[in-house]
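In the two complexes below, subunit A is the common chain; its partner is subunit B in one and subunit C in the other.
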Partner chain A sequence: MNILVCIKRVPSPGTRIVLSEDKQEIVTKNLGFTISPHEECAIEEAIRVKEKFGGTVTVLTLGGSLASEQLRYAMAMGADEAILLQTDGKEWDPMATSNAISDAVKSKDFDLLLFGNESADYGGYQVAIRVAYALNHHCLTGVKSIEIDEGQITAGREAFGGMEIFKIPLPAVVSLKEGINLPRYPSLPGRMRAKRKQIEIIEPIKLPGGIETKQFVSPPELGSHVEILGHGVEAVPKLLSIIKELGFIHK
Partner chain B sequence: MILAIIEHNQGTLNHQSLEILSLAKSIDRVEVAIVGENGRSICNGLGKYGVEVAHLLLHNELVDYAPAAWAKSIIQLAHSIKPDVILAIGSERGNEILAHIAAQLNLPMAANCTKIQIKENNCLVTRIRWGGSLLEEAVLKSATYLLTIAQHLYTVKGELEESAVKISEWNVDLEDQDFVGKVVDNLAPEEGKVILTDAHVVVGGGRGVGSKEGFHSLDELAELLGGAVGCSRVVTNHGWRPHADQVGQTGARVAPDLYIACGISGAIQHWVGCKSSKKIIVINTDAEAPIVSKADYAIIGDLHKIIPAINKALKQAND
Partner chain C sequence: MSSFPKNAKVVVIGAGIVGNCMVYHLAKLGWNNMVLLDKGPLPNPGGSTGHASNFLFTVDHSKEMTLLTLDSVKQYKELGVFTQSGGIEVARTPERMEELRRRMTSSKSWGIESFLLSPKEVKQLAPFVNEEIILGGFHTPSVGVVDSLRAGTLMREYCMEKDVLTISSNTEVLDMVVKDGAISQVVTSRGTIDTEFAIICCGVWSPRIAKMAGANIPLTPAVHQMISVGPLSLFENTVGEIEYPIVRDMDTFCYERQNGSEMEVGSYAHRPILHEPDDIPSIEESSLSPTELPFTEEDFDPQLEQALELMPELLGEEQAGIRYAINGLLSLTPDGFPLLGETVEVKNLWSAAAVWIKEGPGIGRMVAEWMTNGYSEIDPHHSDISRFYDYAKSKTHINARTSEAFNKTYGIVHPREQWSSNRNIRISPFYFRQKELGAVFFETAGWERPQWYESNQGLLEEYGDRVNKRPHEWDARWWSPIINAEHLVLRERVAMVDLTAFAIFDISGPGALDYIQHMTVNQMNVKVGNAVYTPLLTPDGGFKADLTIMRTGEQSFRIVTGGGDGGRDKKWFIDHLPKDNSVHFMDCTSSLCTIGVWGPLARKMVQSVTEDDLSNEAFRFGTAKEIRIGGMKIWALRISYVGELGWELYVSTDQGLKLWDTLWEAGQNYGIVPAGIGVYGTTGRIEKGYRLMGAELESEYNPIEAGLARRKVKKADFIGKQAYMKARKEDPTAILCTLSVDDHTSSSGIKRFMQGNEPILNLDGKGLVDGEGRRSYVTTAGASPSTGKYLLMAYLPVEYAKPGTKLLVYYMAESYPVTVEIAGSKPYFDPDDSRIKS
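Right after this comes the complex of A and B.
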């Protein structure tokens, strides 16, 4: 089973996202970078499938040269190979991103292509589906459980408080959500191995996309209007009368 | 004209998908699309939301949800009625169907918009990034604008008189291939369990709860208030609660009448999942925790002492 996992390098903001003066980008000077949580789970899932069925796990990212840091992290977790679709580091719109990914992998015959359900920063909810159509594969999104058996993948996703189940044949594109597993931390030998591994670098061609970002805007900050009811258990009676006032105590 | 997709599951309306109607109507004339014979029953009830025309898309196999088939049906309708915009709610299904439409037509799609302005040759949208911690203003150029609207942003307006809805039926042309990715089974939620995203009260627990066992008092509080328990990502990462309980950017978006955040600091990725709550009460040892200043009410102190005291008082009040 040969598996591809598409991941994306994103900054990990703390309690507030700070914008540059011209509002064209997020200030990342003091921020670390990471992989979106859904995608970290996709790497973990790919490694588990490989451990069960054999094969290889390849990770791919489209981004600037620094994105190789995230590829190495994935290899330290256990991915075998890595592809960097190297750009100037500027943002590509979802159509351009999907085109570049499908172009790069169409000759590579992966059985399973795993994505995150949506990227942490852009949240376009579409790259996986576009790649599936371009490769003529079936596709499922938002998946929180998978089982593979005889060329079929059974996938579950949360719906209406329970789960809904889909079954599609391989090769397939599946986008996953955090919660499907708890990703492992890379081991020290894993990190050492990952350092020495080659990364295949491809320079993608950027097709025109359909969405152009003009500027970023911080959501309006709501002024604080908190009422501190007090400290410790002494504040409980006050809280209770508020819960009552709000109508949550019926008797 | 705006074609608005109204979601349903086997004939049960997804009420939230009606949120898009008030915004849509402020922009242009609106017609709605409903997929499958089992959606017929909801068409008539849409009059009071100001719907005049409902397009019902029919095919023998359009019973269980199948994103590729739903998308293809809507595309066939769009070819005939030529809407300027195809709009859905930014739910799991809404985003999925629109992305299928976008991929089938090879057109751009903007997910989770908060504002839309249609201009002469383009469309200006404001859309959410980082699950709502940041907004982006962007321009879309396309023959048909494919957009979803962020959830919990617009309220459903249903104050109009019941009026007749004109149902126009379309038989769509679909192949077996289109139904390969369809729902083949449904696992029902646990009997009697309050569903997190439907709950009127959510009791959220974070790192401050400290352990799996620490959640007993939160479970009890939720039960006393007829609500559900939610949690932060730290909690699911420790395995104290299942991921289905996680609130936030990579968990559930909740919008209860009351959210009680216990031992949660209020990182932006958690906040975007609970900020649509009508009232927020915080219990935290740290008066400086970011969530305190965003709440309506706060008690400063140890949740392990305060929650049992609340439970005790609630039981007394109920007796």
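Right after this comes the complex of A and C.
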């Protein structure tokens, strides 16, 4: 079972996101970078499948040279190989990204291509679908459970308070959602192994077209609002109604 | 919500460990109407306290830092937030083993129980350590961890119960208003507070807040990397936070500290990563906290390998993950010591910055006492912010020195080790002559001073066995036998010493005499032209300074003090100037340079270049007058810190080179050599029993104990007089003594030479403690080339302070026999001072 996991390097912001003066980018000077949470779960899921069925896990990302940090993190978690579609670091829109990915992997024999449902920064929701289309694979999005059995994949996604269950044949493209698993932290030996591994570097060609970012806009900040519900026992009814409102209890 | 205070006695800015300790101790000392501000939320406002590893290793080579740590441990225990775990520093190299033996010396000096361990014994205490790659360990059972956030909360609660504190979190300081040179208002995002005092306890942000008031706190935020690995199966059954000793892997500059089911690995090995206080992100912009910056993996990778090497099974567990990794910010200063005390620039604005968790409560108490009484129980000598001259407050200097210092955090630092970065800040007019003479320069207060001259190499042959050698590399590091040879020339012929680093203050005005009398212990109402050596005391009678003051006129005095103490002394003098402007203070340090000329031939030699009469009758010891040398106006002072006939010759800086050349040329007929500070500061001084501020003299001791009390006390009142009079009536519990080493031979047969700070033991090997709980240790160690002895100075309990008493000195984990030679200030060499007065 050979699995490809596509990930993206995204900034890890605080509660306030600072924009550059020309509003063309997020100021990342003081920020760390991470992997989109959905994709971190995809890496974890891929490693679990490999642990069960054998095979390899390859991680791929499109981005600047610094994105190799995220590839190494994935390899430290347990991925075997990594491919960097190396760009100048500027944002590529979903069309350009998916073209580059499809070009890079079409000659490789992946049984399962896992994506995050959407990236944590731009949230385009498109790359998995576009890659599936280009490779002519079956595709499922928003998946929160998978099982693999005899050349097909059984996947579930949340719908209407329950789960929709699908079965599709492999090879397939599946985009996952956070919550499907709890991703592991890389171990120290894992980190050491990852450090020594080679990353395959491909320089993709960017085709014209696609979405163009005009500018970012920060929504107005919401001030924190504190409401004291009451003191001691008298606070209980109000507290209960809020917990009900939030859907934690139904009676 | 309570309304925001409009006025306060004191505003404490920053609610990390330091700010909390400050309000706690001020409250204990009776302060009220205090306000504690932080721009972050409580209990963790986002400063360095919040991500600290919170462990306390008690043993440090510095007495001041050790005393502060011990006090902090005591306080943390009283608060119930201390967990004793023990700590082991492991050595991978023979050099480090030697350093661990040196740590044994320090632990015994400061009275802390420690042991040297074999690799096997390390393994018994810390079973996860790979004993095959270590040579041994240094175990201190009293090491432990604290909950610093909880400590802060408890301290605030104490103040709230006493109703003396208003706490305002999420409150940012926007400006600091100064009026008539003193802090008057703190402007915040929630309103303005009129205040009498303000204390900056803002850790890495301190320089920024100080700058708002026009003050300067010289520190830089710097990265210390830390990761946490877990859950580890060995720690599965750990109850509470810590069960195994903390391990410091000294040679890799890393530590490993259990925290519940995880192991924290911290490093001081990576490249120095400095930040700017203004560039630290805000709380809102930070993904963790402002001082927990994104981890830069590549900087940590080598340390990962080393950690794995030391703890292969534990940290190599595949199931355990790196769950937390940060580039944590902490504060670094140009000399590694904290920044405490009133800022030089703004009255009533205090700094309590660059403080580690391990010293927080001790420093809180120290600064609170200092603010309340004008002195503190523990001497803040090395931490006093006024020690820094202007040049040291520049970004250039701070960044250069902190970059150099960072990797020395766990380094093996020789007590005489010199900085290599940003040198040649202050040079005397003689510098280039000295360079030609092969001077080896040591730095003090930014000045380059020759420690010895390689051009004197030939003297080693001349003096042969009279110059002792030091066969052990450590003892001989940053040292040369040439120093002892230069010493002998000074005692037998004549030598010239560059003393330009002196700090010189001229005092004048109608109130000058009263003012000087008020500042000093000894009688200053002397004849014009007389020079007086005198201590300056703290209000409780401990040493604040010791220096020489000359009466230069009916209403004028010249104060000469050491360069290293100049900053502190200057602030002390300025702080006490009368408010009526009757005294004028002028810092003349840079306008004058000084050459000391001493030796039995000094009179003949200097006389050969002046028409003024230098005979003993015409120019008495302890007097100063103007003379002419080669047409230059020289202010000559007949005095000597090396106990020899001669003069300190002061001339305006522009004429310094000419003075040097004139003396040098004249000296050729008398066999003159240049002598370095190795002679002036140690060998010449120690055999004459002269004391040094910061070594023998500190606020813990008084002039009676130091043997500096004179027979009579002047009528005039002076700072510390009451305490001084009381001490004179009582029997001292300790006396400063001069001891000689009877045998230098170590167990390996190599002769060893103590360097200072070693404990003095009785013949049973027990450390000596006086009636006030003060431990006996070597304050200065050095050769006495004139007598062939190696001398030590130490305060001894009175029962041991008798000539002939046999004792031991403990050095590098071995004991050496010593004999008390002198109790008190009588010189060991030339006890009648016949040379100096000849």
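Following the convention adopted for this analysis, the second predicted complex is superposed on the first by the 220 of 251 C-alpha atoms of A that agree within 3 Å, B and C clash if a C-alpha of one lies under 4 Å from a C-alpha of the other, contacts with A are read in each partner's own complex, and residues count from 1 in each chain.
To be clear about the criterion, contacts are C-beta pairs under 8 Å (C-beta built on N, C-alpha and C of every residue); 3 or more make two chains touch, one makes a residue touch a chain.
What you are looking at is a predicted structure, and each value in this text was computed from that prediction instead of being measured.
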item: Touching partner for A:G190 - first (subunit B), second (subunit C), both, neither; value: second
item: Partner chain(s) touched by A:P13 [first = subunit B, second = subunit C, both, neither]; value: both
item: Contacts of A:G54 with subunit B and subunit C, given as first, second, both or neither; value: neither
item: Subunit A residues touched by each partner, larger count belonging to subunit B or subunit C; value: B
item: Contacts of A:D121 with subunit B and subunit C, given as first, second, both or neither; value: first
item: Subunit B versus subunit C as contact partner of A:G32, first or second or both or neither; value: second
item: Contacts of A:E227 with subunit B and subunit C, given as first, second, both or neither; value: first
item: Intersection of subunit A interface sets (partners subunit B, subunit C); value: 13-16
item: Residue ranges of subunit C touching subunit A (in the complex, touch as defined); value: 229, 279-287, 293-295, 297, 301, 304-305, 307-308, 315-323
item: Subunit C partner contacts - residues on subunit A that touch it in the complex; value: 12-16, 18, 29-33, 69, 72, 184-192, 195
item: Subunit A residues within the subunit B interface of the complex; value: 13-17, 19, 26, 36-38, 93-95, 118, 120-126, 129-130, 132-134, 138-142, 144, 156-169, 177-179, 182, 209-219, 222, 224-233, 235-237, 239-240, 242-244, 246, 248-249, 251
item: Subunit A-facing residues of subunit B, complex; value: 9, 65, 67-68, 90, 92, 95-96, 99-100, 102-104, 106-112, 124, 126, 128-142, 148, 180-189, 193, 195-198, 200-201, 225-226, 233, 236-237, 239, 242-244, 246, 249-251, 257-258, 266-268, 279, 281-282, 287, 290, 292-302, 305-306, 309-310, 313-314, 317-318
